[in-house]
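Read through the structures below before going on.
In the two complexes below, chain A is the common chain; its partner is chain B in one and chain C in the other.
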Partner chain A sequence: MARDDVKTGYKLIGTRPNRPDGLDKVTGRARYGADFSLPGMLHAAVVRSPHAHARIVKIDASKALALDGVKAVVTRADLPTGLTGEDLNLQDNTLAGERALYDGHAVAAVAATSALLAQDAARLIEVTYEVLPHVTDVDAAMAPGAPVIREGVADFSVPEGMHGNVARYMEFGHGDVEAGFAAADIVREHTYKTEATHQGYIEPHACVGQMGEDGRGEMWVCTQGHWYIRRMSAAVLGIDAANLRVTPSEIGGGFGGKTTIFMEPLSLALSRKAGGRPVKLVMSRSEVLRATGPTASASMDVKLGMKSDGTITAGQVYFRMQGGAFPGMSPIGEALPCAFACYDIPALKHEAVEVIANRPKAAAYRAPGSPMAAFAVESLVDEMCRELKLDPIAVRLKNGATNGSKSSYGPVYNVIGLKETLEAAKDHLNYTVPLGPNQGRGVASGFWFNHGGETSVTLAVGEDGTATVMIGTPDIGGSRASIGLMVAETLGIPYENVRVNVVETGALGVNEPTHGSRATFASGKAAVEAARHAMTEMCRRAAADWGIDPEAVEWKDGAAHPAGPNAGKFPPMTIGEIGSKMGSTGGPISGHHEVTAEGVGASFGTHVVDVEVDPETGRTTILRYLVVQDAGTAIHPAYVEGQYQGGAAQGIGWALNEEYVYGADGRLQNPIFLDYRVPVASDLPMIDTVIIEVPNPGHPYGVRGVGETGITPPLPAVASAIAGATGARIRSLPCSPPKVLAAIMAARA
Partner chain B sequence: MRYHTPTSFADAAVIAAAATGTLRFLAGGTDVLVQMRAGVVQPDDLIDLKHIPGVDEIEQTPDGGWKIGIAVPGIVLGAHDALVRDWPGVVEGMNLVGSTQVQGRATLAGNLCNGSPAADSVPGLIAAGATVTVTGPNGSREVPVEQVPAGPGRTNLAKGEVVSRITLPPRGKNGGDCYLRFIPRTEMDIAVVGCAVSLRLDGDRIVEARVALGAVAPTVILSDAAAKAIIGTTLDDAALAALTKAAQAEAKPISDKRGTKEFRIEVAGVLARRAAKIAYDRAKGLTK
Partner chain C sequence: MSKIHVSTIVNGDPVEFLANPRETLLDALRNQLDLTGTKEGCGTGDCGACSVVVDGTLVCSCLMLAAEANGKKVETIEGMAGEELHPLQRKFIEHAALQCGYCTPGILVAAKALLERNPDPTDTEVRYWLAGNLCRCTGYDKIIRAVQDAAAEMRGAA
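So, the complex of A and B:
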């Protein structure tokens, strides 16, 4: 249905110009974190705990310091004391205090004149450990008798009597679930588990830090959010934020994992101790997997009531999630609201606990919490659809959330596109392709809130009528191109005349990271406002030149025009003309906007996947894969499709083979890409995409975030397709061949 | 670290025999260099064998066998039409090692001497009845490939010994071989189970067979029982069932991050069956 508030007929929005970072990236010129170097720079290496849980009895660095070329060693004793709350957690994770809390936990760091020398020196730092009992599994961590790995982690929300590793408890809901279950024709209840997975970005963490004895420093770093790096590093080191200037590099992937610090303050602490010489710190892949944020592992109970016509009468979940050895890191606060976000169900009850375990401090990962919740709820919906022989899309259309629905977590949805994605999936060719032997089809929907957040943007008009836009959100998915298109559309100038730069912490007000699918939405919204601000000023300059009121001037097609016949007859004054003489008409012209961006629009998606399972080996092949998702407005459709495909690829990896494997000793068994099995290109078919555009009324061009929802449906969709192909339902990810084959053989027996 | 570039295997053996610390030979380097970079191995002596004449050559012997230099990379084997026609299973095993870039360097000898029970080229060599020439300070000897591995990361070569050549026997008429491995992905992975079958037919009947199983024991298994299960048969359903059972009985795997014991046993039978069928069709000239 046509909407009055939806503009169409854009000149640039919806086109697909070449990506601004493309040439640099394919020629190798793009400067990533590890590419930055400075004169006199030292190289650092980190000593990490080989134990899942151990008391640090003694650290002896004398042999390392005796090596020629070793300039500094830093241990926890070099960091300030007295921190509290999350600042203390960050400091504890940067360098272990009295105890190492997971395999890979940093214990000491060393800086030397070469990377090889630093690695040699790190091997010479002798750490004496007293090994302590450990626990790594989410359910085991809260079982009676499990070692309490940190005292006093429970916050006010945890009811009396829970295990000492439980850090948080949440509950909410509405309606009478017992009455709802009583009204159902079938009530089913199962437990689902997901293993921790890593964001798997191609670029390992890397930074160069420099800090003098005066406590003033600079850092060049690969990050999704340099103000966060600044605030967190300053807190860990006990310095003022203003004394640390942080410049982001080009970024080779983040997916949420680069929204926090892991080793960055160590470069500064080492530099300060080494007389202010810059220090480069680059993680190896194994360090990335052992010691940077994977996502949480989860164990989830779900109960649903359904009538034989597919009406869902009530739902109930109890989620248990562990996010490593630090409280507050598991996404229970997101997983619960996402669990039933796609549905309009009269009675729901949500409960969750967070438990800590001897694993690395979890970080955000693409729609944190939502993929696990979807795996649990969407798998059970699929199981019940198959039992009642109902079409899974029809059941979702029957129960799906729509405009004006009160969401499962409270707020009323304004304008959303879930049903549009379901209709488009139902009508797509992929949904009707006949299936062969050992093949199955899975369907699931998914949701992400999206986010606005603190945003500051400046736009400067050039002397030649071009525009430079300064944003504070690193570009991880095409936001420079999208923001450039929106600014060019607003100013009425060619896209090629706009350059968008991600600038350092000294150049703008505080920006939150690129997280929550917010960059194109929030920085884009602020950039449009900054352009309008500049347009107002340019109209004022033209009005002054023409000797008329500024209100009598309007901006269109890249030029100031008299607003109607009464304003006078003047030829349009272009942005180039205004820019060329701005020095004599009042000085430089820029626009600026800062805001905590409101008006986010949630993005819903529906995926359809066909698999073939080898009945003799349990190996799953993805035959075809369809992503249908609401983008609001697709500013640069190629990037939107890329986000859909990337989310699906990561979700397929999570569903099929990715997992953190811990040994009985609590050590990570697979900290290399050979054994941490992300999908390779040949594992996947070309992923089909359909962009649904239900514009978000909260954005000038209708943008919704598109980056995260796409990782949510693949987990249940793939497991449901496997169930269709084999008759065996996998309720514990990953659906790795040994697990699938065992389930097939059990079903046969 | 001392880096040596001998120009004969005799010289290489002398250097190796004199080495007192950690020693590594360098052919393609796709294992050694990676291990050095990862800090897994820090050799005191590194002997580069690529300066020895002939190490990059493939040569057919008068009897129809093949002599393969120890530095011939996988990609060259794969491009050698006559070798591929004779021993497709040997070549397809080697060509599964690593990526295209790795194929440009990785060698049969390196894959064998790295000592991995999951090495993709080793079951094919063993099924083919390949031998290696081992050169030591006191001369050379010929060793069947199955006698080289001693366990994960270890070989039976004595101090100072180095593999100096690989020899494949004459293929002869009505023969076929095949190597299959199981990995969860399509590429860039390590065999969870591997199996090679080489056989010869007289008419429709199998008269010779060798079956090798990889990644199901500390070393690749050459299974007499599995071979006997199909010799004398036309690879009918009963023979395939017997082969499956024999291969499964022979497998002695462990459970680890790459797969469970039960899974590996089950799949060893599946791969043996599938590899035998392909080798049979190749022997019949039905497929390449």
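So, the complex of A and C:
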């Protein structure tokens, strides 16, 4: 339990205690989405479109309903009409309306007395389709002649004359870009592409829903945000959110993909039709890959001007991103601000279009938009560094954003740690290890905004002097431990005396999901304020007991103390004493805090990767990997390292293997883990981490949020290392062996 | 089709149940025997979340029919700890070798099977043995360290 270092004076923050949910998770007792069951429960299965784009002519469920044990079938006709905007998009994605818009789009759902029976019944539901022309590639979707897959998706931002699949357009910038390019010694311009990837959480989506004829319901669901599930499900079903009580299960990974609904309202609709019997709905892996949350795919033009000393004079990007068949899902609004966020460049121009295509409705995935943007911009920076024979870290230090820089997207950075990450990477052993034949080194930096958001936390003091904290942000990677540490530090009591529970929608005000790297930042900040609130009340109780003014009492080391010599001489009154007497001193003591959390601190990181490429096969081996990232303050360093390592592994997967492969028929060709290949243990080395701590002034303990930045640098860093090893630059991810081999052959020719 | 009577030993306890001929061992463990510690991540034998040991062999329970377990001994995550945690379980907590924890039961069952065969594996041997167990959260670093630390402790105790 010793602190990693002693520079802060904290007693608990910075230590590595066991997480409170660890025991349940190593014994199999932790209850995830599919582990929950209720008496009388039915099981559901979903009928999905085998076509990328088709008119639904007829749905005949009579054969399914004729089976003994089949209790309900739901189609779009069972859902209310008249929804608009994103509510309509959510409903359209939950169950297709007139048209199925992608391979895997849900068309009907059935509930039966067993999961096997429900699957049998789903096969007996006959859907008649009229197949329509489709398009799945981002560039093809906006090419002349591409079928317009939905009419009227363009919002006010789209200029005249763009293709009908363009839903949104953005532009911003500053400075004189043309003058900047004219002042450069070299100007280079390339197009980069990234394919869609999936979050790849190992737990498929699962829920149990129950809704009676009074329209009131309950749901148990694996989710990053149960208030979002409640609001979205209620909207799709046309009921008031207050009629729905949603309890989050333990969550088996989310990475952004479990911040929205996919099939959850179907469990409620089926339950209602089945007389209120609870309905369990669990996706298969292929359903997860075909119909939930992939990222956008992207096609990106980048142009940069650089002087021979490495000064970047101007930059320009034009991003095209498709986020599936629904507008609003491609992260152009994040990708553009992230593109040059690590730099302080005098002239920048950003443009992007969002395109729709016959693919599943994209969801957030760890720093949405930032990895693609980094792949484009950081790859080109690396190409120009190699051309000018400049050290890539020196160039980033020369041009990097720092405290008080006006960011590329407008706001002025407060206190940030980008240059500290670059210096630490430069000084790390990994940056100086000699490289052998067929080996190369890549460097890239990355950025994420981090996020505050709606947050509500309650803390209750126990009769024994413990504290129970109720939070609304599901714990995916150890946030109960980090929030427990901060509350214990604040109250001055042992970590073991604080229990942090993730509670249901009925127990707190609205909380945004665990997204945007906000849980330890925002729920932590609110929990600290809730603890301070309780401390104020405990000081008041002690003051009343002592007969002195509450202002004359201060809280330290888990007890109320008279403040100063004039307050009188009283022995400290501990939280245990106050808790044991609270029934007779005014009643239960709680602290509460709710806020739309502000004071977010931006996150920067720098990665260094060494690879070896087999020139005969094009296969890339990661030799060593270094993540340096600013955490602000690392509350529980082991889980900070875990976020860095996990983000790096996902980024390496995106760089090397992972991609959505669509056939000419518009069907996903690789909807199982055998073919959608995420990194396995034997693909990776140990992932070295350096935690930089430049405290965020906007958080009581300096927290920034650490979840997302780590997925951003691996895409360009790996591609740049491959370029170093082979001389061949891959500008279209993934750097799969056939593609690398072809590039090596082309470079030799 | 009529159901099949299955008689088996699970974590040392004799159990009997009626299996649908199409029912996997995974589904029978979870739905009939309430042993929900064994997880489904893919249903195709690619992720290892459903790893169990059947008569000493590490298998993906999603690829085995429940009826095939008749007369066999099945070990799941629920049987791993006695009065105290198995060293692997304890080391996984101490090393923060889990984040969401969904893959953890399968990885623990697989790692235990490794250390029973090879008490002193190299890092590479651990990585290749666990290559059938996907973890999306950790990047495997802390998992490898936890397995090695547990192995060292178990060698010391032996």
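By definition in this document, the second predicted complex is superposed on the first by the 742 of 749 C-alpha atoms of A that agree within 3 Å, B and C clash if a C-alpha of one lies under 4 Å from a C-alpha of the other, contacts with A are read in each partner's own complex, and residues count from 1 in each chain.
Here is the rule we go by: a residue touches a chain if its C-beta (ideal position, glycine included) is under 8 Å from a C-beta of that chain, and two chains touch if they have at least 3 such contacts.
Quick caveat: nothing in here was measured; it's all calculated off a predicted structure.
When the two complexes are overlaid on their common chain A, residue A:27 makes contact with chain C while staying clear of chain B. Contacts of A:646 after superposition on the shared chain: chain C is touched, whereas chain B is not.
With both structures placed on the common chain, the touch criterion links A:619 to chain B but leaves chain C unconnected.
Once chain A of one complex is fitted onto chain A of the other, the partner contacts of A:550 are absent, as it touches neither chain B nor chain C.
Counting residues of chain A touched by each partner, chain B versus chain C, the larger count belongs to C.
Once chain A of one complex is fitted onto chain A of the other, the partner contacts of A:572 are absent, as it touches neither chain B nor chain C.
In the overlay built on the shared chain, the residue A:674 is in contact with chain B and with chain C.
When the two complexes are overlaid on their common chain A, residue A:657 makes contact with chain B while staying clear of chain C. Look at A:742: by the touch rule set out above, it reaches chain B but stays clear of chain C. Contact with chain C, but none with chain B, is seen for A:638 once the two complexes are overlaid on the shared chain.
Chain A residues in contact with chain B (one complex) as well as with chain C (other complex) are 284, 673-674, 679-680, 682-683. Against chain A, the residues of chain C that register as touching in their complex are 20, 22-23, 27, 30-31, 35-44, 46-47, 49, 76-78, 80-81, 85, 89-90, 92-96, 98-105, 108, 123-124, 126-128, 130-144. Residues 119, 123, 284, 286, 616-619, 656-657, 661, 669-670, 673-675, 677, 679-680, 682-683, 736-738, 741-742, 745 of chain A are the ones touching chain B in the complex.
Here chain A touches chain C in the complex through residues 16, 18-19, 21-32, 34-35, 114-116, 199-204, 250-255, 282, 284-285, 476-478, 636, 638-639, 641-642, 645-646, 648-650, 672-674, 678-684, 686-687, going by the rule given at the top. Those residues of chain B that touch chain A in the shared complex are 38-39, 182, 184-190, 192, 256-260, 262-263, 266-267, 270.
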